[in-house]
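Please go over the structures that come below.
Two complexes follow with chain A in common, the first pairing it with chain B and the second with chain C.
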Partner chain A sequence: MKQKPPLLFLLPYLLVTAVFMVYPLINAAILAFHQTNGPAARAFVGLANFRYLLTDPTFGQALANTSIFALCSVLVQLPLSMGLALLLNSGKGWARGLLRLVLFSPNLVGQIFVGVLFSVLFTPRYGLVNQFLQALLGWGLEKQWLNDPALVMPAIVIAALWLYVGFNMIYFLAALQGVDKSLEEAARVDGANRFQVFLHVTLPSMRHVVVFVVVTSLIGSYQLFELPLALLSQSNGRGPDNAGLTVVTYLYDAAFITGDLGLGSAVGWMVAFIIFSLSLAQIKLARVAED
Partner chain B sequence: MNPLRLACLLLLLGFVALWLKSPKNPRAAFAYLRWVLLGFAASLILAPFLWLIASAFKDKLVQNEYIFFPPLSEWSGKTMNLDNFRRLFAGDASIQGKVYFWQYVLNSLFLTTTITVLQTLFCSAAGYALAKFQFRGKQALMMFMLGSMMIPSVLLLAPLYEMVVKLGLVDSYAALILPILTVPYGIFLFRQSMVSVPNEMLDAGRIDGASELGIYVRLVMPLVRPMCAAFCLVTFLGNWNAFFAPSVFLHTQDKLTLPVILNLYLGLYRADYGVFLAGTLIAIVPPAVLFFALEREFISGLTSGAVKG
Partner chain C sequence: MIERFPFGKAPFWLLAMAILSTVLVFVTQGLVAVRKADLVLATSAANHVEAYQDMIPAFERKHGVRVSIQLVHSRALQTRLQNAILAGTPVPDLVEIGAGDISFFTRGPLSDVGFVDLTERLEREGLRKRLVEPRLSLWSSRGHVFALPHDVHPVQLLYRADLLEQAGVDPSSIKTWDDFIALRSRFMKDLNGDGVIDRYLIDLPIGEAWGLEILLLQQGVSLFDARGNLTMNQPKTVKTIAWYVRAVEGKERIATQCGWGQSLYKAMRDGLAIFYIAPDWRTYAIQMDAPNIKGLFKVMPLPAWEEGGRRTSVWGGSGLAITKSTERPELAWQLAKSLYFDPAKLGRRFQFTNIIPPLMDSWSLPEFHTPSPFYGGQKLGLLYAALAPDTPADWSTPYKTRAADKLADVFLRALEHYRVHGNDGLDAVIQRELVRVSADIERYMGRFVLSRQ
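And then the complex of A and B:
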């Protein structure tokens, strides 16, 4: 039975979407072919913005930095999240709840605040990270994390690790609860060791969540901006030799510091293209995982 | 041998001792190792918080002298005091006159609360429409909404900024509130949790003479209270920490929000970081309070909400 559309409930959504999403989206497409000087003046430049981006070594570096960060998120942060989830999963009682809360707690702190905090934690000689590494490994007391091009990305990865490791752990922990215990027991009886059971039984049965977490981590990574902006505020969020420049920082500088909203929109479309490709990959992978 | 390495060594020795005690069945040794690793991870997560609290209360002169807190024998008004907070609250000179730190706290509270309330209201309404009504174009609308989740917000910021300037909304909170009155993922979440509300219940409400609005407010919303609490929490956190749009749209000093001003303080108090760490400490209190308050709301909502229906 078809009814009238319940406009009373839908109207706010339709209005907001038309005015603040569809219209700006069309404008973003138009802007990408223009060069602007702030919001007032614009001139048609055709594909020049995209041509410029594809040949600009700085944008290339931003893309490379962001991709390295995305890879680190998946290859360093997610395995650690999974490890913590596995350690917590077999635990019981109040200690488990408390530890889950503790490990999740950095998520209450926003990226800007984490950047502010870690910009001091990475201080040579006095910073907590420097002193901790020196005490544990005998290395790193005088390291200039935020001024050394080789250490800038590791610093961003460490700060992001602190922030997000517990967040992804929550997903893995929820997925582990749904794994069929009898399958694991059966594999154990057949002589598989703990690692083999995890690789061949546990991991495949939580593949949907793994695909979801990997793709959302990648999508989030390509939009990294606020954390490096605050962390590297001494170099305007870019780091020495642009070593910490991300794609969205590049967009921010182009659109709102330089004032070229056209170039900014072109970068925006690049980000949209990356996210769109990743989302399609997720849909494809989810289908494969169904079989 | 420093204390940190000594502790690591002792913990490792404990593992070896447990292992040697029963080499055939190392279950106890592994259980011990698990708690050691978890404890280590938890310490690494908590250390920056502890350090933040210590630095906010340490005097400027002894900031680098102790890693965390001074030893109790050194504890006095000279080493631990409220100087950082005093300087933080002393106010910033600006064209609008003096702006005090509590102004930014109030701005953030006002903006975040307004967005959270309005977004919950409008997203749940649209979610209800998509969950419980059959109408022409519903499938297309659903597809469109799900597809629009893929659009990154950074793509829309440049054209939005242009629009905000043309509408004369620069430097107003309206520019920050209006574009996110509804967000696709919020509508999707509410739709998913409202689909399972039984139609018979809604029909019974209609027979009793309740209006459509009344059914939504009095029957449907109470049933999805746990989801609602979770959504409010996520929305509050996200907007409390929002930086990009506020830093672009807001210009005058007395309208800035906490993330924007603390990012500015990084440059202003570079040599005197106790001040902006005190500000950061204040900035993470409201989300923490809300989080712990809503944790209980979650549980009571889960247990009582559905039974009433």
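And then the complex of A and C:
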């Protein structure tokens, strides 16, 4: 007998999704083709918002900054997480649990806290980072981490490293514990060194987790907002010469500082498109590698 | 009872929490309704609240009403007010907003501005001529005043009186910025011999525009004019940026950036810089947050750019706006006048804030002539009020934040050039960058079809 779908039970979920997901999405799509000034004033501008974005050097810079941050996440942060996971995986006893907690705990406090904390650490002359560099290298006491365009992105990456390395390490650690030890043992018996075992046995075995972590890191990187906003609060999250401006900060600035919800919406759709394309490419590449 | 609940323990507790929270919401909403105020004023300045709480009971007694003051963080106030006005949800009757925030609300057609136009009331009741006129610039859009200025915020310099005295420098002899720079060799020092300078002449920001803006306003250069035209690209801007670049970098350097909050107060205590830019509001913040520097600092007027030139500038400001959706606009206007235009109350307000009100009649009150023990017995009120009439206009437009950011970008490009090439071609680089960013801002302004209506 064919069963009826339990529509009554699904109704609350469908209602919430329709009101809080579908309707805002449709409205955001419509908004992207308008210029607004509150609910009273709205003018249809066609593709002008998108045209403006594609020719605005500031948006280009925001996109470049965010892409650099995303690259650093994948090329610096994830290898570090993997390294720490390998280190912890080989260790035993209570120290392993403690280290895992210590490395994961920055993630519990969130981006705003870390932003505020690092804005103090990076203070010229009195900041801990500057004083440490001066004591160690005799250099860096007056470094303007958050006011020198060349140092702003490294400062954001360092703060993000502290925040996320431990978080991603947990995923890798879980994946490492699921790797078939007999395969690694067999490789070693066949004469493979530690690096070869990692590259040809361990890494392929945790391929799915690696793809997941890379994709979520990329998505998270393109959504970066709170950390630079708190770290560079004196310049509304953009940093000197827009060196710390991310696409979401650009969106926030357009929609909520200037009040142009239409432009903000257009940025949102462009970010969504970029994230979707990158994620798709990443998953396809992983499948090709698997085949 | 829990055991007898047919769907298990977890659903029981979920149901219990749902019932409890519903009851709580109804009870608290009911209480709020009972105590609902006739007027609600929202502000982000804690010291303003302190002053108003002292002033409001008399207003309540006089009008037989209840006034509620809400203290909201500045970012939250701006965002929530913007969103509430955009969404048409309830807003306070009166709001005190920051200088940078007014322009968001005055974008678009005048009829869409969410605040009551106060221009006619100010004229009709003869209030305008009692105010420092340039201060209205900050709260005006296209010739219409949408908020009452809370303050004048004249800028002076705070200086380490003890260190100046030790060096035998009389602050009254520093009349121009050239005189100021001449002090360089007497104060710039590596005190502990580690190769790092430990004492600078002045604290100036490097990645932010406020230092430059203050120095430009001192010379009468506002980023925009009264009609909203971009006016930042001027010969004086080029000259000032070049001056600023040399002040923060290279062999003629006189400045460092001391930052904000505790790092600033530590720098002040250590004497990292001798002079600090100080509008009236900053003297109160320092007094409250850094009691351990009591007696070390005094104030003096800004050095002029030329002999006999303007000795002050402006920095920041708050304004009181009446929202269009208020049900009691007349009562709100009466409250605004009571808080801002009653000279007798403004003396008390000064004691709580060190802030000079724009109402000129109030400056003769005894509170403005009281010596300040924190600032070496100087009569702060008198010193700031003397400069207040000379403060420059600082016109407000929706694009001002963007223009200020771009000004900082021009400075940074100039600084980059100076680090490599020194003075060679510096002015040309600044000029080229000003042209570039001006075109960028004008292009941005030009795309708003609603603003043209």
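By definition in this document, the second predicted complex is superposed on the first by the 265 of 291 C-alpha atoms of A that agree within 3 Å, B and C clash if a C-alpha of one lies under 4 Å from a C-alpha of the other, contacts with A are read in each partner's own complex, and residues count from 1 in each chain.
Heads up, the rule we're going with is that contacts are C-beta pairs under 8 Å (C-beta built on N, C-alpha and C of every residue); 3 or more make two chains touch, one makes a residue touch a chain.
Since this is a predicted model, take the numbers as computed values, not measurements.
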*Superposed on chain A, are chain B and chain C clashing or fitting side by side?*
clash
*What is the contact status of A:Y23 with respect to chain B (first) and chain C (second): first, second, both, or neither?*
first
_Under the stated touch criterion, which partner chain does A:A230 make contact with: chain B (first), chain C (second), both, or neither?_
first
*Look at A:R238 in the shared chain and tell me whether it touches chain B only, chain C only, both, or neither; answer first, second, both or neither.*
second
*asked:* With both complexes superposed on chain A, which partner does A:F256 reach: first (chain B), second (chain C), both or neither?
replied: both
*Does the superposition put A:Y126 against chain B (first), chain C (second), both, or neither?*
both
*In this superposed model, does chain C or chain B come into contact with more residues of chain A?*
B
*asked:* A:Y13 in the overlay: touching chain B, chain C, both, or neither? Say first, second, both or neither.
replied: first
*Figure out whether A:F113 sits in contact with chain B (first) or chain C (second), or with both, or with neither.*
first
*chain C clashes with which stretch of chain B: 92-100, 110-118, 182-190 or 200-208?*
92-100
_Per the definitions at the top, what is the overlap between the chain A residues touching chain B and those touching chain C?_
39-40, 120, 125-126, 234, 256, 261
*Can you name the residues of chain C that touch chain A in the complex?*
79, 82, 85-88, 104, 107-109, 112, 114, 196, 205-208, 256-257, 259-260, 263, 266-267, 272, 398, 401-402, 405, 408-409, 412-413, 440, 447-451, 453
_Could you list, by residue number, the parts of chain B that touch chain A in their complex?_
2-5, 8, 34-35, 37-38, 41-42, 44-49, 51-52, 55, 63-64, 67, 122-123, 125-126, 128-129, 133-138, 141, 148, 150-152, 154-163, 165-166, 178-182, 187, 212-213, 216, 237, 240-244, 248, 259, 262-263, 265-267, 270, 273, 276-277, 280, 283-284, 287-288, 291
*chain B touches which residues of chain A in the complex?*
1-6, 8-10, 12-13, 16-17, 19-21, 23-25, 27-28, 31, 39-40, 84, 87-88, 90-91, 95, 99, 102-103, 105-113, 115-121, 125-126, 128, 131-132, 135-136, 162, 165-166, 223, 225-226, 229-230, 233-234, 248, 251-252, 255-256, 261, 264-265, 268-269, 271-272, 275-276, 279
*asked:* For a test of understanding, state which residues of chain A touch chain C in their complex under the given definition.
replied: 35-41, 43, 45, 48, 52, 57-58, 120, 123-127, 134, 141-142, 144, 146-149, 234-236, 238-242, 256-261
